[in-house]
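Worksheet: the structure to be examined is printed underneath.
Order as written gives the chain letters A, B and C; numbering starts at 1 within each chain.
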Amino acid sequence: MNYRLLKNLFSVVPTRFKQLQLSAIVILLAILLSVFTKWISPAQTAKPVVLNLLMTAPDAQPWKEGLVKRFEEKNPGIRINIIEGPNATNLLEDLYTSAFILGDSPYDLVNMDVIWTPKFAAAGWLMDLTDRMTAKELAAFSSWDVEGGRYEGRLYRIPMRSDVGILYYRKDLLEEGGFAPPKTFADLIAISQSLKQQNKVNWGYLWQGRQYEGLVAMFVEVLHGFGGFWIDPKTLEVGLDRPETLEAIAFLKQTMQAGISPPGVTTYQEEETRRIFQSGQAAFLRSWPYVWPLANAPDSPIQGKIAIEPMVSASGENGGACLGGWGLGISKSTRYPQEAWKAIQYFTSEEAQRQFVLKAGFVPSRRSLFTDPQIVAKYPHYPQLLKVLEKAVLRPPIAQYAQASDILQRYLSAALTNRLSGEKAMKQAAQETRRLLGKS
Amino acid sequence: MVGEEFPSVKTKNIGQHLWLGIAIALVLIFSLAPVMWQLLTSFKVNQDISKVPTVYFPTRFTFGHYIELFTRRPFWRYIFNSAFVAIISTSLALGFGAPAAYALARLRPWGGRVILTSILLVTLFPGILLFLGLLEIVQALHLGNNYLALIIPYTAINLPLTILVLHSFFQQLPKDLEDAAKIDGYNTWQMLVQILLPLTVPALFTTGILTFIFAWNEFIFALTFITREQMKTIPVAVAQLSGASTFEIPYGPIAAATMVGTFPLVLLVLFFQRKIVQGLTAGAVKG
Amino acid sequence: MANTVMMSKLHAIRRQEQITAGIFLLPAAILLLFVFGYPIVRAFWLSFFAKNLATKLQPVFCGLDNYARMVGDGHFWQSFWIATTFTTASVILELLLGLGIALVLNQKFWGQGGVRTIAILPWALPTALMGLAWAWIFNDQFGVVNDILLRLGIIKTGINWLGEPTLALLATIFADVWKTTPFISILLLASLQSISPDLYEAHAMDGAKPWQSFYQITLPLLAPQILIATLFRFAQAFGIFDLIAVMTGGGPGGATEVISLYIYSTVMRYLDFGYGAALMVVTFLLLVLAVASASFLLNKSRIAAK
């Protein structure tokens, strides 16, 4: 039997086997091709060094036309490839994160929101930039912006654009009513109520109350204003179940109960609040600097009628302004660290920033530019913005910030929408946060 | 449900005809509506897309969204990536699955029932349970952004269906064929390849279509294991399409991308509807 | 004498068969174990370690800490509850709709093949792409649904489908039902077609009305098929990821964040690998429990049918 098998094998196999062989070889080649495609992939370029940078699509346009063009002119051997990403910053963060986790990150430069730095640094994805800038050079930037780029004492991000929470108000209405700009929470409520009673406005105070990162950004200001804290980055102590936190929540709830904030405020993000404020229906708005040029546009009903000031606080406490903003870091896995550093130096240089601010209206990170005559001519509120920036409050720069923020968002939202009492909500939030930080 | 489930009644009255007609129309509208809507949107100008109330019969059309798709993004690459991964993983699934199915059908291996049941059970594992372990492997072997990182999981995911479908198919083949072949001295592998395989081509084809569809549509692994723009597959690339300036989400290009990305599948379904139905029922009924 | 020879020959053939079977099964078995088996085992193993940003992504043994944390994790229970709601609603709707469509497709009419083709279409299309389409259809400002409702005068202002917690969940359920109903209807159609018409004729002659036939013949005969389809769909819907990730991203405020989204973001956003593994283990065990109970029920119904 075996002998016959073998005989048949040898006679029959060649013809049929060839066919099989052919298809097997094709598939094998295809697999080999896929294994080696990485090396054939189009990231190759002839001579110029290409640095990849990911940012949101709306930001990409001004970058490409302005900063990148000028940089490439000055540095012919380096090209910056701006990759357009989604508009939502949390989606952008996910793109960076998944690329880094996978281990084959295509990004050389990293455009980071201030709250991403601790996470990226703790994960070991960023190059340590501490020794690349002297203290003097760093002093040119606002100290809080620089601090926002640090993790455990080392520097990972050079600030590019600043962003800070500010209180907008209708200076025309306040002047009419003979009010000085409010300094305390109580003032804010009093003025709002007064103006509302006189039917000057529909609403007194607009803030972002939806369950998202912006809620937390808004909340840290109020919390700071009552003398409380969220998480101490050094000791990892959680301050959510302290009386100050409950006072902060009580204040926000009061704005709704007293009728000076619309009941829908717990569904608002930045744009909703801006639209209502811009249509002239409200006296106060807590938001970010981007509102200013829009509110002062020629077709805006409140053009020329607004002013800004730092966020109010409880009497005896300091007001806090939540720090946002973007900065540049270098990915550890880049093949061109020197070129990447060159790019960062250029993008954060005074000249480049000035052009950028004048063209695209972003808030600069260099202190000198806030009082630069050219810029002040266009944006007269910038000197005051600088003052607010100096009093900035950082969201806790801990590696697990995203998770802590998620916990606070959920419980804060539950408290503000009365699904849970403030006390219960914060107690549970504190518990979960402590568990997260391993300190239960 | 109304009394239409009476298949043996040859003559229906007008009322039943009417109900049936309405039911059929509803089924058609239900199945086609979103696809048709995206088709329409993909050709609308931006102003019409964001017009309120909605424009159902636009007067102006544009190819702009399609052009934008292929110029601003490497859409050809996406199509190639999807097709390449789908075809290779389909071939491998068939190549590994056919012998396995044959073994289970005819060779009655020890523990065959257990193997078959576990293969069936494994189809119930959602990808979310698997992606962490696989991610670690991809990291360790530096297979990130490599086609293999998708081909291997897709092949494995398609194996159960392949095996089940081919298994029921092999069971239905007449045994005399194999007995005759054995007498003629063919060994099992030869018999499988030279005699049975030509007969199973229809079943292979059917299974191949199903596995192609699964591989083309797969999302979570493609999202996790491929991050380079040039290597992305269509579903992930389209989900990450972003817009510039005024439009927060580029509805036009997304609609165009949907049409391009679903077009091959629509063709498959159109031409091979019968086979698809066969394959699905064979695979699932056998459970 | 001849018998013994034949017996040993049969044994030899049998052994040869076993070995061949083993070889034939080997590649598939290896691949399946590798892709399906290893990750589950790994998840079990990793769940006893803390591997996150606090440990600088190094695994540190922590026993049952991850599981203890899960008990008090409001987010986990919320996502579990949402997944259950989603799955139950989705599967029930699919069964009803699928059965209806199968009944319609079972009729003989002109263009039957064409209608069947179209009915399958939703199932064959990529979930991610169609999820985007549905998000567009449910868009609060420009969406078709709002437009139709407005024109019909049922509502005065556009409903913010994807911005309201309950409505967003409804929208995703609807989209999922749309996508997977064809799967159910095809399965049921095949079973329907295998029911002999004589059964109905006999029943009719006994004076039964159509809907009585439905309840007394059709449903019982379809029952095993329905149960299997339910089981499959339950497992799939419980682990659903693409559709929701693309339509709502888990929003608004986590209202549509099903368990798979939570697991994914725990790993890929929070880099909390150990905890994510623990979540996977629990989800896996719950699935196993559900499948076991379902097959138990299935067996019981089979025995009862006999």
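Observations on the model:
In this text, a contact is a pair of C-beta atoms (placed from the backbone, for glycine too) under 8 Å apart; a residue touches a chain by one contact, two chains touch by 3 or more.
The structure displayed is predicted, hence computed values, not measured ones.
In terms of inter-chain touching, the protein chains here all touch one another pairwise.
Two chain pairs, A-C and B-C, are weighed by contacting C-beta pairs, with B-C ahead.
In terms of their C-alpha centroids, the spacing between chain A and chain B amounts to 39 Å. Per-chain CA centroids place chain A at a distance of 37 Å from chain C. Here the spacing of chain B and chain C, counted between their Cα centres, is 15 Å. Chain contacts: chain B has residues 135, 224 touching two or more partner chains.
Annotation for chain A: residues touching 2 or more other chains are 91, 98, 101. Shared contact sites, meaning residues of chain C that touch two or more other chains, fall at 268. Of all residues in chain A, those touching chain B in their complex are 4-5, 7-9, 12-13, 16, 20, 23, 27, 30-31, 34-35, 37-38, 41-43, 56-58, 60-61, 83-87, 91, 95, 98-99, 101-106. On the chain B side of its complex with chain C, the touching residues are 1, 3-8, 20, 23-24, 27-28, 30-32, 34-35, 37-38, 41, 49-54, 96-97, 99-100, 102-104, 107-110, 115, 119, 121-137, 152-153, 155-157, 159-160, 163, 188-189, 192, 213, 216-217, 219-220, 224, 234-236, 238-239, 251, 254-255, 257-258, 261-262, 265-266, 268-270, 273-274, 276-277, 280-281, 284-285, 287. The touching residues of chain C, counted against chain B in their complex, run 17-18, 20-25, 27-29, 31-32, 34-36, 38-43, 46, 99-101, 103-109, 113, 115-122, 124-134, 136-137, 141-144, 147, 150-151, 178, 182-183, 186-187, 189-192, 197-198, 200-201, 204, 209-211, 213-214, 218, 225, 228-229, 231-232, 235-236, 238-242, 245-246, 259-260, 263-264, 267-268, 273, 276-277, 280, 283-284, 287, 291.
The touching residues of chain A, counted against chain C in their complex, run 91, 93-94, 97-98, 101, 119, 122-124, 210-212, 267, 399-400, 402-403, 406-407, 409-411, 413, 428, 431-432, 435-438. Chain B makes touch with chain A in their complex at residues 84, 88, 91-92, 95, 135, 138-139, 142, 144-148, 151, 184-187, 190, 193-194, 223-225, 227-231, 240, 242-245, 248-249.
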